[in-house]
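Take a look at the following structure, please.
All chains are identified by letter, namely A, B, C and D, in their written order; residue positions are counted from 1 within each chain.
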């Protein structure tokens, strides 16, 4: 059976409004605060597809970030709303990859692009070299494992 | 035996430098960030006197804040250093009271005064109505319990 | 003319979802992060009634907080959603008073109650002892000034 | 004249203590908070060498980050102290590059490595394609411009 793997299945959009406390003295979102927005996006993806922090936790797995890379194109100001596009990027290694694009809501200007990599640790904090079982099931359900 | 209970015993001074990320678009420390400075002060007191978060934790006690009250007098700017004066206020109820004064380091101007109240919870999250044993020992050691 | 001054006119409700980055190692929202939620509430009130930070700014007025008082009743956990009830409290002195109640969305449990006081400063940073003109107009529009 | 360009001239070490409010529910520093530590390092470099935010500001230049890249190797816990090694990386393009290494203070374990790129904007927010004059002077003073 071929399950639909259209892009939209693996992408979520989340809206965020810039908080006063997130803006620096130049009047723009402090660069580190975008990492909160990426996390908002990742969590929205997780809620939609049963892959949130608590789902991992229930399966005795934690998924710490091992790398993040951000490219800042323009700035968000206090009062702006933004759309976070978060895409799950499937890969064969025991990693969890996401890509992010943040656009200013009204003008659709591209503000930031970024990507992050997470690994799987078991409850002893040991790195898993293969996907944990529940994640294989998830990939299966999402049509990401090709049956011969 | 009378143990010295001078004010200095129950007060610590901590220095903090304002971070760029702590300043808002008016160029002053965002009001909520002072709560981090109070926590710096409380932790400095804890480290000095064996009353830190981890000491409580080792005794299966947590001490969540139940109230905080801040009065903002002046502002700290980016680049400023400040001195946090944290005072332990002894009381008979099963509470933990601290008072805070933050002064601008160079001019000694008073920036904020505040106070906080914490309670004791056991490992089940139940409120303790009397001081836990290790805290009675601590009070004793600090000369805060008068022997008849 | 009597303008409706029902409670609902002076109260706004805002929903907030607890971010992973807002939770501490006890698994609950770090107490200082509630000040962001109060600000969310204050801004929602401002957007609804033309009394936001930028409205003040356009009138060459800033309104720094001079005091805040919070009472923490229960905790919010990661994954929780909460409703922030923000009420404008009218007063005759040149101050801006708000009261806040945060409830856990699903159970309606009361989490925090708080209040804040702001003052009006002009563009030179001087304290205004009477309401600025645009604010008198706003009070008038809101039915808060009784005509004899 | 040959001015000493030893590595130590272009590297500063800063100590930071992990705040309770910086730790997440897994008990480790939330990944986004390391960007505050990098900024601590950059500012320490700026204070030592006259290249801080306010120095740029006095010269009508701002230097927003355009990219950041972090690799997380291990975690810092609440109570840990860390050393931030911040290195200025000279380059010929009108950019400002820094590299960061954060080590756990007591064990010297490597926690994070990262790098950031900043650009120069003038007071109109326009990108500068060549170094501003005061920065050329700074490079000269630091022995970074070779005289033929």
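The rule is simple: a residue touches a chain if its C-beta (ideal position, glycine included) is under 8 Å from a C-beta of that chain, and two chains touch if they have at least 3 such contacts.
Just so we're clear, the structure is a prediction, and the values are computed from it rather than from any experiment.
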Greatest centre-to-centre gap (Cα means) from chain B is with chain A
Higher number of C-beta pairs in contact (A-B or B-C) found for B-C
Whole-Å gap between the CA centroids of chain A and chain B
37
Where chain B and chain C are represented by their mean Cα positions, the distance between them in whole Å:
27
Touching two or more other chains - residue numbers and ranges from chain B:
20-21, 26, 32, 35-36, 39, 78
Note which residues of chain B are touching chain D in the complex, please.
19-21, 35-36, 39-40, 43, 52-54, 78-79
Using the touch rule from the top, collect the residues of chain B that touch chain C in their complex.
26, 28, 31-33, 35-36, 39, 62, 64-73, 75
Residues of chain A defined as touching chain B within the complex
20-21, 23-27, 30, 32, 78
